[in-house]
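Two complexes are shown next, each including subunit A; its partner changes from subunit B in the first to subunit C in the second.
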Partner chain A sequence: MTAGLLKRHETILAGLTVLALIVLALLSDKFFTAENLLNQGRLMSEVGLVALAMTFIIVTGGIDLSVGSILGLTAILLGVFWQNAGMPLPLAMAAALACGTLAGLGNGLIVTRFRVPPLIATLATLALYRGLAEGISQARSVRGYPEWFFYFGQGELLGVPFQLWILGLATSVSAVILGMTPFGRATYAVGANETAARFSGIRANATKLWIYSAAGFLSALAAVVFVSRVTTTRSDMGTGLELDVITGVVLGGTSIFGGRGTIVGTALGLILIQALKNGLALSGVKGDGTIVVIGIVLIGAILAGAVFDKNRGG
Partner chain B sequence: MKTLTLGIVLGLGLMSGTAFAASAWTGGDDLPTSPLACDGTPAAATAKPYDGGEPTGAPDRMGKKITVVDIPKLIGIGYFNATSKGIADAAAELGNVDAKTDGPTKANIDEQITFIDNYITSGVDGILFAANDPVAIAPVLKKALSKGINVVGYDANSTPDARQWFVNQAEFNGIGKSLIDNMAKEIGEEGAFAIVTSTFTTPNQARWIAEMAAYAASCHPKMKWLETVEAQEDNNLSFNQATTLINKYGDELKGIFGMTSVATPASAEAVTQAGKCGTIAVVGLATPNAMKPYVEKDCVKSVVLWNPVDLGYAAMHVLRAVADGSLKAGATSVKAGKLGELQVINGSEILLGAPYTFTKDSIGDFDF
Partner chain C sequence: MTDAAIRRPIGRANWRRFLAGFGQEIVVLLAIAVLFVVVGAYNQRFLSDTNINSIFAGNAYIAIAAIGMSLVIISGHIDVSVGSLIGVIATIAGTLAVSGYPIWMAWSVPVVFAVAVNAGVGALIAYARIPSIVVTLGMLSILKGGLISATGGAWITDMPEGFMLAQMRPFGIPSAVYFMVALTGLAALFMRYTDFGRAVYAVGGNLEAARAAGLSPQRTVVGVFALHGLFAGIAGILFATQLQVIQSTVPPNLELTVITAAVIGGVSILGGTGTVIGSTLAAILFATIGSALIFLNVSAYWLRAVLGLLILATVLADMARRRRSR
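What follows is the complex of A and B.
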């Protein structure tokens, strides 16, 4: 439970990531180039954005399985607001972000007001939000967005993919909030022992509502980036996203039982997975082989964490 | 707070409710349809200028050994195993192509894009693809063209300017007609039927369903469409969806269309297990091997498809021809090995041929 032990998982993970980068760079000369690495950053931005909020949620001892569905729903709403409701695109984007936040708030309300376990609550909204996405879209894609809109997903600012700036900014803000503010400490306290946290005067429900809403907001932001990157809107967007996100967060050392976890760990976890996926593909390993390697690394990293910290669960 | 939550749920529910203003059959797309004549008179071909893309700064690959990667919608299903075999056959026959197949294990747009992106970085000479979404895949294919990579699609198209050529296995209106005609023959002009498709947004299926609706409206106007259900390309889900349809509509349901190579055998299995062989007809797109048990038991009479091995084979030959520079914009046909000359249609598409109906007499001759 000491800070020293907490640091340890991230140290192991950082070592593992560096090792993976070196091995992959040796396996393929196409891997360790600025162009490829920046491109990989572009590809991991959507998962990365959602993983930031997921870290907070898992630190409180919760989980949010509905993030992929929120991404799909807000992507569809963006298209529908713009094309069918005739809103100007910037307004449609803002409205989609607002709806995503509301969807997250909905999760938070079910979890806090009705005391439904987060796993069950968000399993239900996973189906609900995806169903709404399919229903609202009438299974039609929305296409033909104006050229300027593609900047968010395909453009570059100072040679770096635009969404990587968004991800970098969001990561810094999240790291500061979780690591250095009273809100961050409240988040840890709620996850470590909710009853004790309540008796210490921490507003546990308000904390959770903020966090689930933020997850909705970031999922919607990821949806905007995703739609811009692939230039079209489909109701099945983001299917399975929750698993990629949770994998990254858990690999990053966040305990599924709550109470600990860091943004740095999540960032490292995501980078390691993305590097493996990309580097193995470049060195000629086929897709099915890559999945196997990632599974092994995940088990290995968690076991390593458990060996160094006997108290660690999950 | 309770009322607020309720309000949100109600509001969202209403939004989806109003969006369900049903028009034609669910699962079709919005694009214009061109149903064929009821008696099958071929439509006059309209000339259209080349509308495909061009790679920038492609090196001279004439006669040189090239590395080609084939990225289908997903790997590990019979259909794409067959196209992959055709690609490998053609590569072996050509002798100067190093071809391999790789791709996602689920039909997922994002994963497919990532696979293509990685192969662009690894520096291949040519990419063959079957798109999970025609528009979503376009940016990454354009990136491949901008790096001088030859890009040819097969099975499922992208927007034309994102690739050079597309090998079209069968025209949509041809498939639509073939499916509806076979169903009408089996269940009669006034029969009611349902459709099991992959997802409402999958481009091929959406196009076929739109063409089927248009053709049925003009040639078999009394046939009754009940419902279209989504079943991804998932075996279990397809079986469950077909079983649900059988239970839901009871005796009214006379026929089921399977729109994917997974949905058709799963629907046939559902009909068999419900003991409805002979009372509910199954017509659909599927690979012969998967359908042989049902066709031999007379549970299924017509399976409509092209030959996917030939499709992969043709795609590989087209890619080689493009890399050699022998297939250029404006060409009217291309030589594809044992398949002979294939015609160019719609500007930048190459037509494999007319769809084929496998019956009890012919299905034994095919093994894929």
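What follows is the complex of A and C.
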């Protein structure tokens, strides 16, 4: 049991994260301050929200490359619904969230009904959703949102950035669903062996539809937070987000082949990445040098995991 | 089954089976032909030499990179770092050229570098058994971050005339087109008639069977990635010499365009099937669509939506066709 716990990817990762935090705190006295840490939490919220759903998707053995495009599309729709269609802003937000969910449902339908491998299905919708965002916006940005709207991305509740509350709540809900409910067990079963799962009476397609829709919803929620944080809407928002999200999830120990992974791991992976980005920048490493370190950490962590546990497949 | 279907003489009864074995390339070819006829009828200038040259030359580097990507995907893997690699190659080549090194070195050193990097990636995948998407995600960060922190995003200009490979036009045809046609042909023959080519299909199609047949999956995967590095290297040189300036950044979304070309060309993401002719046709199709939109006076901002819709339609049609032929 103890040996098993030691070998677990999450344990290694937690150790690595603590080590990184200590080293970074020693390198710069600005790093380990409440203000800096909370601010970093603010910056990782958008990636974090999407990564929760991505964990479920990768656990089913799938992948979703279109999340960044859904973020861009729903950000544009939010602006268009409010400014051009004249909707009240709360209604526009609800409509954007609904559209994001539909975009995710679309991915799910292509994957389940037409049996298109998720990598290709979402590669296609990555281009399609981003293309719709560009076409609808015609490269115009939307500004001038009312003051109260900025609360989601810039406000604080009890001294903690508002979006961190959203992220915390979403993380807890996801962890409970994946770890403790029949739905979570169905998710693992579908990822480990879909045929066996079907024969056991698990509704694999319904499970996937829910998960891809949730990814769309969370991408749209991230879009609302993002627009609120930067105060303007542009069609290129969220470009490349999918790679950041997948890096966090995979670093968190979720197997790209499906069947294994936890929300705790994803959270740790995200914290490690954000801490490295910020801590290295504070210690004088230039912005893009930090990306190199993240790449090395990603390969190194998976390599270490493979060496620690040779029996583990993949 | 693919081979058998192609070699059999095509009678009426076999027509459907022929399509099933070779279908995707024909679908893409038809799409290109339809675009040329329709848009050409709408606007004669679409068929002018200049426009046809720019369609075929403009995406040649994507087609060449997609050849390597096809091999990678056929062998059952994926590479999301190829866009960053092409960016790095272009910058190395440009830097060597403006620093006064001989031109043959400015062309060849980056290609050797690309082969070495990707052979290393292949070794990590094959011997350390890390999934290819993880290794290449990491490489994407390393190459991209390394490139920007090394160059600071500075542009390279004033490259010597003789260095501009992609701008040369033997017999009035852009040199990139020669490269695209020759490399596609060579790779297609190589994949069909050499032991290594067959091994790539075998490893991607059924790993256990390939191993039982005495093939070394590890060596095959390292070989595939080294070859992929070679194609990415050549693509990078053509990309570097296309314009008068090298921007020292990673071209955005290039890896996705390359993967998309391979997939639309009929390479199954599940491994084991597909040809490099399809991926080259797909890269030409993308350029044709881009050009067609301009001639049809559609706002350029809709280009990506049209491409996305087309990719989706192709994929769905392919899935439907595959299910019928099964």
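We adopt the following convention: the second predicted complex is superposed on the first by the 303 of 314 C-alpha atoms of A that agree within 3 Å, B and C clash if a C-alpha of one lies under 4 Å from a C-alpha of the other, contacts with A are read in each partner's own complex, and residues count from 1 in each chain.
We adopt the following convention: contacts are C-beta pairs under 8 Å (C-beta built on N, C-alpha and C of every residue); 3 or more make two chains touch, one makes a residue touch a chain.
Everything numeric in this text was worked out from a predicted model, so none of it was measured.
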Task: Three-chain arrangement built on subunit A, subunit B and subunit C clash or fit - done: clash
Open item on the list: Looking at A:A304 after the superposition, I want to know if it touches subunit B, subunit C, both of them or none. Which is it: first, second, both, neither?
Closed with: neither
- [ ] Kindly classify A:I12 by the partners it touches after superposition: subunit B alone (first), subunit C alone (second), both, or neither?
- [x] neither
- [ ] Tell me which partner A:V160 touches in the superposition: subunit B (first), subunit C (second), both or neither.
- [x] neither
Open item on the list: Touch test for A:V23: subunit B only (first), subunit C only (second), both, or neither?
Closed with: neither
Task: Touched partner set for A:M87, first subunit B, second subunit C, both or neither - done: neither
- [ ] Examine A:L126 and indicate which partner it touches, taking first as subunit B and second as subunit C; both and neither are also allowed.
- [x] second
Open item on the list: Tell me the contact category for A:N36 with respect to subunit B and subunit C: first, second, both or neither.
Closed with: first
- [ ] Give one of first, second, both or neither to describe whether A:A281 is in contact with subunit B, with subunit C, with both, or with none.
- [x] first
Open item on the list: Contact-wise, after the overlay, does A:E134 reach subunit B, subunit C, both or neither (first, second, both, neither)?
Closed with: both
Open item on the list: Flag for me the stretch of subunit B that overlaps subunit C after superposition; candidates: 76-84, 130-138, 220-228 or 310-318.
Closed with: 76-84
TODO: Touching subunit B in one complex and subunit C in the other: list those residues of subunit A.
DONE: 110, 131-132, 134-135, 137-139, 239-240, 286-288, 291
- [ ] Going by the contact rule at the top, pick out the subunit C residues touching subunit A in the complex.
- [x] 78, 80, 124, 128-131, 133-135, 137-149, 252-253, 256, 259-260, 263, 269-270, 299, 301-309, 311-312, 315-316, 319-320, 323
- [ ] Going by the contact rule at the top, pick out the subunit B residues touching subunit A in the complex.
- [x] 1-2, 4-5, 8-9, 12-13, 15-17, 19-20, 26-27, 29-30, 75-76, 100, 102-106, 108-110, 113-115, 117-119, 121-123, 133, 135-139, 199-201, 206
Task: Residues of subunit A that touch subunit C when the two form their complex - done: 63, 65, 110, 114-117, 119-121, 123-132, 134-135, 137-139, 239-240, 243, 246-247, 250, 256-257, 286-296, 298-299, 302-303, 306, 314
TODO: Using the touch rule from the top, collect the residues of subunit A that touch subunit B in their complex.
DONE: 28, 30, 35-36, 39, 43, 80, 102, 106, 109-110, 113, 131-132, 134-141, 143, 150, 154, 226, 229-232, 234-237, 239-240, 277-278, 281-282, 284, 286-288, 291
